[in-house]
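Paired with subunit B in one complex and with subunit C in the other, subunit A is shared by the two complexes that follow.
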Partner chain A sequence: MNSSARSRLSADRIAGGIFVVLAVFAPLIFTEYWVATLLTQMLFLGVVAASLIFLSAYGGMVSLAQVSLYGVAGFALGNLTTNGNTKGLNLGWAEAPAIVVALLIAVLVAFVFGALASRSYGIYFLMITLVFSVIANLFFGQVTSVSGFGGISGIPIPDFLSRTAHPDRLYFVTLAVALLVYALLRYVARTPFGLTLQGIRDDPVRMSSLGYNVTLHRMLAFAFAGFIAAVGGILFVWWNAQIAPSTIGLNATIDVLVIAVIGGLYRLEGAWLGALVFVLINNYAQDVDLVSERFHTLIGIVFLVIVLVSPNGLIGLWERITAGPRRELPMDITQERGSAEPTPAG
Partner chain B sequence: MTGFAAYGSLRHVGRAVLLALVVFPVIWVLFIASGTSFGPAIDDPKDFLITLLNGLTAAALYFVVASGFTLIFGLMRVVNMAHGAFFLLGGYVALRTQRNMVGGDAGLGLSSAQVSLAQWVVPALAGVAVVAGVGLIMQQLFLRWNQGQDLRQALITIAIAIILADQMLAHYGGVAQDISWPGTFDKFVNLHVEGIQYTMTRLVILGFGLVIGALLWFWLQKTRSGMVIRAGVDDRDMVSAMGINIQLTFAIAFVIGSALAGFGGVIGGSFASLAPGVDANWLLNSLVVVIIGGMGSLGGAAIGSLLLGLTTNFAAAYLPANYTYYSIIFTFVLLAIVLAIRPLGLFGRPA
Partner chain C sequence: MPVARHTSRGAFWLAVTIAVLAFAIAGCGSSNDDSTSSSSASTPAQSTSTPAAAAPTDAPDPQPAVEPRSGGSGTPIKIAIMSECKGAFGSFDNQNMAGAIAALSQFAGAKPKNPNKPRDGFTGGAIGDHPLKLVGVGCGDDTSDTAIKEVRRLMEQLDADVMIGPLSGDESIAVANYAKQHPDKTFVDGSAGAQDTTLKVQAPNFFRFNGDGAQWNAGLGDIAYNKLGWKKAAVVADDYSFAWTSAAGFIAEFCAAGGQVTKRVFPPLNTTDYSSYAQQMPTDVDGTFVAVGGAGLIPFLKAYEQAKGPIEAKKFIGNLFWGTPGQFEQLGPRVSGAYIGGAGTAGDLDTPAAQDYATNIIGKWFKVIPPGKDAASAAPSTFTYGYYLNAWGLVKGLEAVKGDIKDQSKLQAALAKVELPAPYGTVKLDENRQAIFTVYDQQLYMKDGKLAVKTVTSIPDVDQTFGGTFSGSTPAPGRNFPGCEKKSLPWLGKAAPVKVVGG
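Here is the complex of A and B:
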């Protein structure tokens, strides 16, 4: 390891440490609105974006289906825990089994999506997952027995997280989950499975001829990332107490993509960095007359500028500032494999 | 490999499931169809034929829009995520032009009796021209210097789609509006089959689909510029090395592809309505059609449109009455079947 790489590593650690300390002491520093609304939102949006970045950074798969999986978990939890007075099945389950089943359903859906998409690469993968996302949105919009256009409201939150009694607790739980997700994703990337996945990202044909089942690995990675997205969906439902098809519409799908791209598509830290920027822009745009109505125009322009100027997002800028060795642009990776079908049969 | 035999038998099971998924709906529609509003096709051929015609006309519109998408992708490997926004923009421009041409108070929309043929054709041309221009600007300004970076180009078009959609919401409002067909089209035609009276507008759409398909085929197969495009699809560098101005070819393909989205928007806005969210639906339709048919293949776009049009219409008509809301699942099943058999689509081939 050369000295510039080492200096970047320590700069990363210092920045990451400051970030975590600030996050832990946030309730002492910031107002309740900031903590309970903005920072909590930042953390769970970061979890969803992290599931996208995990797939893109370690698997070379840019998935637009993450928001739909987050929605599947959210809708499942909503259907299971509500008890009358809203749309959906109103099954009135206890919280704990409902969470487990909601996560299971989301992972199952992710597995099916992954099975269908994992033989496609690059831009095809992006398109297929986008289609899944839109279909999931239309499904919840049209099928009135599980949601319908207006969605599910009044979804209960576990008592110990009640916002009125304990305004900070949901924030701390979300923070803990976000840190766990980060650690888990870093860990998985270092397991033999994660290393194989990175090998597949770089050269699926070679990995296949070495005897690895390329499609199976990509499928499992997709299901695992679906699980992470689903965890984000549970947190979202607790935070918002309702979920509607518009929550997982094309705009939401693009919002999470924007977060991941603003942060940087190839490092997990980018997820929360991008989410922070997104939430801040969202918050401050509300106060500016001209912009508040046209929030998505602003987001679109920010997104466009980032893609044009720094395709590696803010993390890419950060790495340039901390003078690490130049990394290859992830944008170029998909190009080579873009439309090929490198997996031999069997 | 130890699990090879098990894997082989699994394949047979998979194929059997796929076959069942294809065969059962056909049998259902023809002979069973219990609890549906129409009943099986053998008892009620009239409604079956109407559903078939509805499917074909929907397919024609899908084809008009998706052929533009596939043309752009085939040549330039650009996935134009703004295609749905282009569709909506074409529709809105035509709508405004038509309202201005007809004049008077159009608060509740125009009726077809007020609209002459020219008052539909001129707005249509305006919509097509504006979208073709926007497409050209987008390609020259943002995509041209990113050639070959297909993810980056897709992200750029997504950003433009976000901006366009939000600006259209600002300028045209969130209320659903529709372009009025001219009185000439807006009537029923007796088909002299089972006594079916069928709307002429749908037949006009079918005609548009067929004519555009034929023109595209003629252009790509029989003319010099079409030949250059086909050569460019196969080997861009070689075409350029032979002294052909590939950038001009790219620009032409992008203009035509965008224009088709715009024209689709005019037809779609006349046939159904224009509202925020319609862009997402049409991006979905175009994506599904080209994923089924195979990216970049015109024939694939035709087959994909046909499959999608028939699937959506038959699912909506032949599901038991309480379950018609589930018809969206059939779009997914159609996609799943095709992807399971051919990950690159029916007519897709590796680049």
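Here is the complex of A and C:
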């Protein structure tokens, strides 16, 4: 390991440490609105984006279906826990079994989606997952027995997490889940499964000839990422107390992709960095007269600038700053980089 | 190496796809406008005849304006207005704002910033010692998600104490649920008419001084069965809460009178091509009830003509959208003669209060309500009137606590008791904080070569339950509820003719 790599690693650790410390003490530093609304939103959007980045970085699969899976979990939880006064099935289950079943349903759907999509690559994979996303949106919009246009509102959240009990509890739970998700994704990437996945990402033909079941691995990775997205969906429903088809519409699908690309599609940390930028622009752009009606144009411009300046997103920018001018990357970093194909620009 | 080709090509196509999608979304003209001051869009005022009026059964007196005032040193009352500037009802944005601001001006001494553009907000105004402050205007798009996002911003980031709005059904259900979680804030509806908002959610701090969609259609089933002689009817309604509620009002009453609803068609909200839905409409029925609203109504009628031939007005009944100023004029002569529901509104009512409301309240505070209508003629719009009633109710509640809202539970207790001597009849609230009021049924006709609305009958004291058809324990109105059964309704056969301007 050369010295610049070491300095970058330690810079990473310092930055990550500061980020976590800031996050833990956020309720003391920021207003309630910031903590309970913006930062909580940043954390669960980060979780969803992380599921996308995991697929992209370690599996070479850029998926547009993550938002639909997060929606499946959210709608499932909504149908299971509501009690009589809203659209949907109103099954009135207790929270704990409902969460388990909602996650299971989402993973199952992810597995089916994965089975259908895992044989295709690149742009074809992207388009198939986009179709999943559209199907999920239309399904919940049209099937009024489980949702309908207006969605499910008044979804109960566990008492101890409610805003009336304490404004910051949901934030801390979301923070903890986000950190766990981060750790889990890093851990999985280092398991034999994760390493195989990276092998498949780099050369599916060679992995196949070595005897690995490429399709099965991609399917499992997709289902696993679906699980992560579903966790984000549960957090979203707790935060928003309702979910509607527009929650998982094309806009939301693109938003999560934009978050991942702004953050950096090849390192997990980028998910939360991108989510922070996105949430802040989303919230504050409306207060600026000139851009208030052109939020998507603004986020589009930010997106373009970031992609042009640093094709690897904000994380790529950070790496360039901390790693200094040299171009070559040490071995262990290359491994971690996921879809670290040589980037033509930048 | 095939794989290397995959990845580099993939990255390229990924970038292209994202760019195309991003531009597509930007091109949709999405906007999250909250600004209370933006560039002025002056629209030429079209002068149309102003509905005048003068005094049937329940006819409150005209309400004089209070002196302009700006309050003293008391804590400001922070008001947010949740309006609509995108989606199917985006064009009613200024009608909403005009209603709310006219009430705040008339009864709390505020003043519109721009008499030609209600969205610019208001200045001044006070309750007792406490000045009014407009902290923000929300911009909904008829989805519950956007509504909640905007409400969070208004109530949490901008820290409003009270909110007026929203416009449409599912939004109001979401807002009422939000209200439940925030008992320290108070909400009055705008013009949203989903039944669940009050009947099911029952948030103690959400008040609705306007009717729900079913109430608004009281009397139409009676007209269809007894006056027009329909025995079998079809229903077409947008596939969302408000239109389900609107259709429920017609179905409950038409079936109660003895009619049968043989087909129900539900195109999704924001549909642009209605041809497949028009094809599904049966022709072996005596008439069709249409609860397709907002931007969808005219495309639906055109698609129907394409599919089934010319529209016979006597075979159609429409809901409030058929008589909403700014929209119904475009329906054209094809629907002249059709009966329509209102929203507890009757612009041509011959009473001093109704006349005064159009000319001396809405017409006094505003000259133009974009897009391009003289203000007074928009007074009987569901949206103007709904926001007007609710803002007025809020003012009355605030007055009862002298503007002191440190403890909002006192304001909420006062609001529950508010009774409004409103232009089209007294409005009071039931135990779910839902309006009980007089409903008017109307008919479209041709006047000087233009389509116009004439009020024909009134039904006093219409409540949300339809004689027990709807309650907290019945299913919410939906594609299949209510069913079709003959029963007795409190007001069946009791509609009274009304005196209107010009006979």
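As a working rule, the second predicted complex is superposed on the first by the 323 of 346 C-alpha atoms of A that agree within 3 Å, B and C clash if a C-alpha of one lies under 4 Å from a C-alpha of the other, contacts with A are read in each partner's own complex, and residues count from 1 in each chain.
Just so it is clear, contacts are C-beta pairs under 8 Å (C-beta built on N, C-alpha and C of every residue); 3 or more make two chains touch, one makes a residue touch a chain.
This structure is a prediction, so every number in the text was calculated from the model and none was measured.
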| item | value |
| --- | --- |
| Which superposed partner A:P204 touches (first subunit B, second subunit C, both, neither) | second |
| Touched partner set for A:V143, first subunit B, second subunit C, both or neither | first |
| Touched partner set for A:V307, first subunit B, second subunit C, both or neither | both |
| Contacts of A:G122 with subunit B and subunit C, given as first, second, both or neither | both |
| Subunit B versus subunit C as contact partner of A:V62, first or second or both or neither | both |
| First (subunit B), second (subunit C), both or neither touched by A:R294 | both |
| Contacts of A:I254 with subunit B and subunit C, given as first, second, both or neither | both |
| Partner chain in contact with A:Q242 - subunit B first, subunit C second, else both or neither | second |
| Shared subunit A surface residues [contacts with subunit B and with subunit C] | 62, 122-123, 126-127, 142, 144, 250-251, 254, 257, 261, 293-297, 299-300, 303-304, 307, 339, 341 |
| Footprint of subunit A on subunit C - complex, ascending | 1-4, 6-11, 13-15, 17-19, 21-23, 25-26, 28, 30-35, 37-38, 143-146, 148, 152-153, 156-157, 169-170, 173-174, 177-178, 180-183, 194, 196, 200-201, 239-241, 268-269, 476, 478-479 |
| Touch list for subunit A against partner subunit B, complex | 62, 112, 116-117, 119-120, 122-124, 126-128, 130-132, 134-135, 138-139, 142-144, 249-251, 254, 257, 261, 293-297, 299-301, 303-304, 307-308, 311, 330-332, 334-335, 338-341, 346 |
| For the subunit B and subunit A complex, residues of the former touching the latter | 1, 4, 77, 79, 81, 142, 148-152, 154-156, 158-163, 165-167, 170, 277, 280-281, 283-284, 287-288, 290-291, 295, 325-329, 331-332, 335-336, 339-340, 343-344, 350-351 |
| Residues of subunit A that touch subunit C when the two form their complex | 32-33, 36-37, 60, 62, 85-87, 121-123, 126-127, 141-142, 144, 148-151, 153-154, 162-164, 202-205, 240-244, 246-247, 250-251, 254, 257-258, 261, 283, 285-287, 289, 292-297, 299-300, 303-304, 307, 339, 341, 343-344 |
